[in-house]
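Only one structure is covered here, and it is reproduced in the block below.
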Amino acid sequence: MSYITYNAAKPLDFTAIGRLCIDLNANEINRPMEETMTFTKYVGGSPANIAIGMSRLGMKTSFIGKVANDQMGRFITTYLENNQIATSGVVTDDSGAVTGLAFTEIKSPSECSILMYRDNVADLKLKPQEVREELIANSKMLLISGTALAQSPSREAVFLAIDYARKHGVVIAFDLDYRPYTWSSPEETAIYYNLAAEKCDIIMGTREEFDNMETFEPNPERDDHVTAAKWFNYSAQIVIIKHGKDGSIAYTKDGASHRAKSFPAKVIKTFGAGDSYAAGFLYGSMQGWSIEKSMEFGSAAACIVISSHSCSDAMPSAEQVQDYIDRCNRGEIIV
Amino acid sequence: MSYITYNAAKPLDFTAIGRLCIDLNANEINRPMEETMTFTKYVGGSPANIAIGMSRLGMKTSFIGKVANDQMGRFITTYLENNQIATSGVVTDDSGAVTGLAFTEIKSPSECSILMYRDNVADLKLKPQEVREELIANSKMLLISGTALAQSPSREAVFLAIDYARKHGVVIAFDLDYRPYTWSSPEETAIYYNLAAEKCDIIMGTREEFDNMETFEPNPERDDHVTAAKWFNYSAQIVIIKHGKDGSIAYTKDGASHRAKSFPAKVIKTFGAGDSYAAGFLYGSMQGWSIEKSMEFGSAAACIVISSHSCSDAMPSAEQVQDYIDRCNRGEIIV
Amino acid sequence: MSYITYNAAKPLDFTAIGRLCIDLNANEINRPMEETMTFTKYVGGSPANIAIGMSRLGMKTSFIGKVANDQMGRFITTYLENNQIATSGVVTDDSGAVTGLAFTEIKSPSECSILMYRDNVADLKLKPQEVREELIANSKMLLISGTALAQSPSREAVFLAIDYARKHGVVIAFDLDYRPYTWSSPEETAIYYNLAAEKCDIIMGTREEFDNMETFEPNPERDDHVTAAKWFNYSAQIVIIKHGKDGSIAYTKDGASHRAKSFPAKVIKTFGAGDSYAAGFLYGSMQGWSIEKSMEFGSAAACIVISSHSCSDAMPSAEQVQDYIDRCNRGEIIV
Amino acid sequence: MSYITYNAAKPLDFTAIGRLCIDLNANEINRPMEETMTFTKYVGGSPANIAIGMSRLGMKTSFIGKVANDQMGRFITTYLENNQIATSGVVTDDSGAVTGLAFTEIKSPSECSILMYRDNVADLKLKPQEVREELIANSKMLLISGTALAQSPSREAVFLAIDYARKHGVVIAFDLDYRPYTWSSPEETAIYYNLAAEKCDIIMGTREEFDNMETFEPNPERDDHVTAAKWFNYSAQIVIIKHGKDGSIAYTKDGASHRAKSFPAKVIKTFGAGDSYAAGFLYGSMQGWSIEKSMEFGSAAACIVISSHSCSDAMPSAEQVQDYIDRCNRGEIIV
């Protein structure tokens, strides 16, 4: 049972809105960034990564966002186009904004951190009047990402995109992706995350992200069932709560909960795990697969990405994901 | 038929949230402000005026807001208390904010303008964590005012207040009260007004205010019925659209529209007409009166205020309003 | 000995640059402002008051500043013109700035305070390219006021005005007038006050103001002689240090110090004392009077202003000041 | 004739104040940055480069500045220390500021550009109270850089450093280094550049930078002699005006002008030419060399840097510079 029905008449499978930025990944890894001398440039940002993942998986994909009027912005747009992602919804900033940056530090496979540049970034300057209604109307699914809610006018652009999606019968997936540094306060975050989540069909986040959303509500036990039940009273059909090493649980409106088995991986870094998981899971959902099969597919996609140096550029094709699952099932991947 | 049911078990009748400021009304009127030499100080701000109006009409009233830590702020709190309005929800700013000011200019009864001081004002610094849930839980009605949505963190405080009201079965009235100078753009205004209005039971505003809310929606004829129908698909029971000199129309969820007769008045200025009308109408609604009778009561209350020098201080008692209606009906008030 | 030589060939006697604002003086005095109900509007701001004082004393005066594009701004410009002050150097803001306000509170003759509105004020938006060089070139004296150094671009405008004055042989008087609320930090204040004071011929301020200027310099005893000596190493000829109730001392480059006798006054409030003193003293200096006689004239002018309700509007003519001195000398003014 | 006398009793030769940032230099060059995939990290910022240059040339050097509390900041401090530059004057930001970045693009040896990240950068947050007076007091020379004047509080810190230098008989060199993106307006720049330059002994900049400083002064012919003469009326002994491909001219207070011969170089990029020239020239001045010999030494140092991939890391030792001059003189370097 897939729980979600997609409108097959829509020509586009998937549109994401939000952050487009640059990852600068340390080439010399397993050391502090102070000792890293060179960096490789990739397209980054959670919704960008998920869109690239969906396109690699064969979905007809488009993006709604804003890039800086500089070399970094042009690199991003070109990269999306080279990955068969429609960029008619990607506008160029004219206010002197810069491209957001994320320098990654990989001290060890389990000790990863990010140094962010998020002041005056172009992606947060997307205006509601720059959101093209017909792109959303023509999509089976809209993905929104929490970081795009952090500041005006991007925040308003996302709320308008949500309204367009509901007006046109587009399934809305919400990847919470909470990054504190761009928000004024946790209370502000809670307010807008809740306003957005009320209108979404699929909500995906970590337990800590859901905790923050419950700042003004009693859930002292941090109980997943209380959390999920709230959203089923609004629009949600599926709520995925991630518990780090303890795995993810998908809650569905029928009261069921779902877990998927996990796969071994030769981990280089943990970045990108969530984005590739989201792409794999949403892809499965759009194929009409069961929750479990979709989660399994997402897990395998994540294994591939965390075994690689980049996030976006390592997003696998459906064949690669299936092959990884098959090899795991045959016991060929041992860590 | 009154359309709205109030929970009689709640001890408070009415709580308003939002702007508290100072009106400085020209003493020498019928001239440009350049030639005005002295001003009289009154409490002002649309929700403050409505709360004072409700209290004068006999409703048990409280206020949720923020005042500056100065003489103006203390004057406001004292004035509310002297008018039997509970101020346990009024907090004092500690960031150096000032009290918003409105200097009024009365060139003639029909040529009135306001010179606003709205930079760094205390009322827009109300934080969500400063909104006392039990005050709302204990109220039959919550009034929100659009100006409080103009900036963070006041905007978030209002969204939280709305959530508290819905959680506790409190009727929500939304007075649009759009003041462009505190907003970044009309598009931003439209987004947040819509997010708030979706959750309100009674929505009151001018045709122009509703037009702005429809920035991203087709209503080319500016048709009241299209406007009202949208909100009946959400939570609204009553939508009042004001057409200036052509009078106000109340639309109700049953498809009916309602007009009330108007009264003559010896107009000094037009300020305060909307606030006193709102107080009179909401009072009538809480008495279980018909829409028409409530509108008539609001109109008479407005006549009293626009015949006076102040807004807040001129808010009438129920006896005064009834007396005004009676005198009009006897033909004793001739303009 | 007058210590300063003025260029008699210059057609204007006196040009001031800086703050133009509105005083709203409590009509009901000897009580806290919370209990004040009405206010009277006057032109205010230290350099405005001094310019009005100089014009009343018969000096040909002009002003360089910026006013808001509103009723308050137009009132200010008209008032200056009505007081024979040339306003060709007064430009109008086009950025939506407001007029600075000062609400006065007079609890008792010795307990006076001010509630300031200084956010987004027009006077601090004067740009250097708006300073008309020929106005300064044609003046015998330029008065700068410390508050105009508090923020950009007004700060830059003042530095440019100083350069114009030095280029054209114009005497520069610096009224320190330190108002902490518009400054980022006392350290910032110290830096710019020093940069300006280095180029001034006459420096007037309180002991506390000079203390703040010495933030980064050793003067542990707060010794007036150390303070004055520093400035004589730069451009100063006269340094007046005010010690509150202990009176003012004028230090001169020849090493002398000067005190003047004081006069009795029926004090209503202390506001305006410094500005009227400055006008009286500078007037005396321009007449070629001795330091002592100039200080005495300033003291008498101050007595007249502090016995009145307003600052600007109470500035006396030379005849009124002389008459006050004469009456004091005849023992006719007894407090 | 060297024109400048340095106080041999001071233990430190050279202290620079101002920008510390990171250069990210394209590894794949001679193409647009869009096509660059990897970047190498270097310490950058004009005064940092000059300080590194001076230290490599054997001068006892220290730095006064502020770094971010992150990996980039720690890298900078460590790099300075590894280059024998005292960092007791380098403080760490605690406000969440980031390290300024400069991505370099080398399309061809003559087509170079920089993509800057200058929002919320640590170097501009240096406060005056963080400037250690004794570091300056103990230095023979203080170098200030124009970019540090762009914003508060760094601007105030530089003005205080200048005052400390004058108080303690330290020679001040001013490298104009005008970068428009951090300034509010060219007029603002002109005001502060002039205020600083009045107090400096050596002023170095391009003709365009001096033009901007003359925004409010008549020099319609953009005449170097007019420009230099102005500064000789203040404190300057040497004014170097750079005319791009036409070479640099040093003007001295005695009315003389000086040119040096130039050297051939196999240019990779033009970045760093000015900084290495400055280091070479100032080094020569401190050796008591003639202006011409100092300029020649600066030119040769610049040739070495522009033939290399980095700026800071390519700064040569005195032996390397002399060797380059010798090889040029022997005709061994042919481009």
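In this document, chain identifiers A, B, C and D correspond to the written order of the chains, with residue numbering beginning at 1 in each.
Here is the rule we use: contacts are C-beta pairs under 8 Å (C-beta built on N, C-alpha and C of every residue); 3 or more make two chains touch, one makes a residue touch a chain.
Just so we're clear, the structure is a prediction, and the values are computed from it rather than from any experiment.
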Suppose you list every residue number at the chain A-chain B interface; are over half of them used by both chains (same) or under half (different)?
same
If contact pairs are compared by residue number, which of B-C, C-D or A-B agrees with A-D in over half of them?
B-C
In whole angstrom, what separates the CA-based centres of chain A and chain B?
42
Compute the distance, rounded to whole Å, between the mean C-alpha positions of chain B and chain D.
61
Cα centroid separation between chain B and chain C, in whole Å?
44
By the document's touch definition, which label belongs to this structure's chain graph: line, ring, star, complete, or other?
ring
Can you name every chain pair that touches?
A-B, A-D, B-C, C-D
Report the residues of chain C in contact with chain B in the complex, numbered from low to high.
24, 27, 32-34, 36-41, 70-72, 74-75, 78, 96, 98, 101, 103, 105, 115, 117, 119-120, 181
Listed in rising order, chain C residues that touch chain D in their complex are 127-129, 152-153, 156, 159-160, 163, 184-185, 187-188, 190-192, 194-195, 216
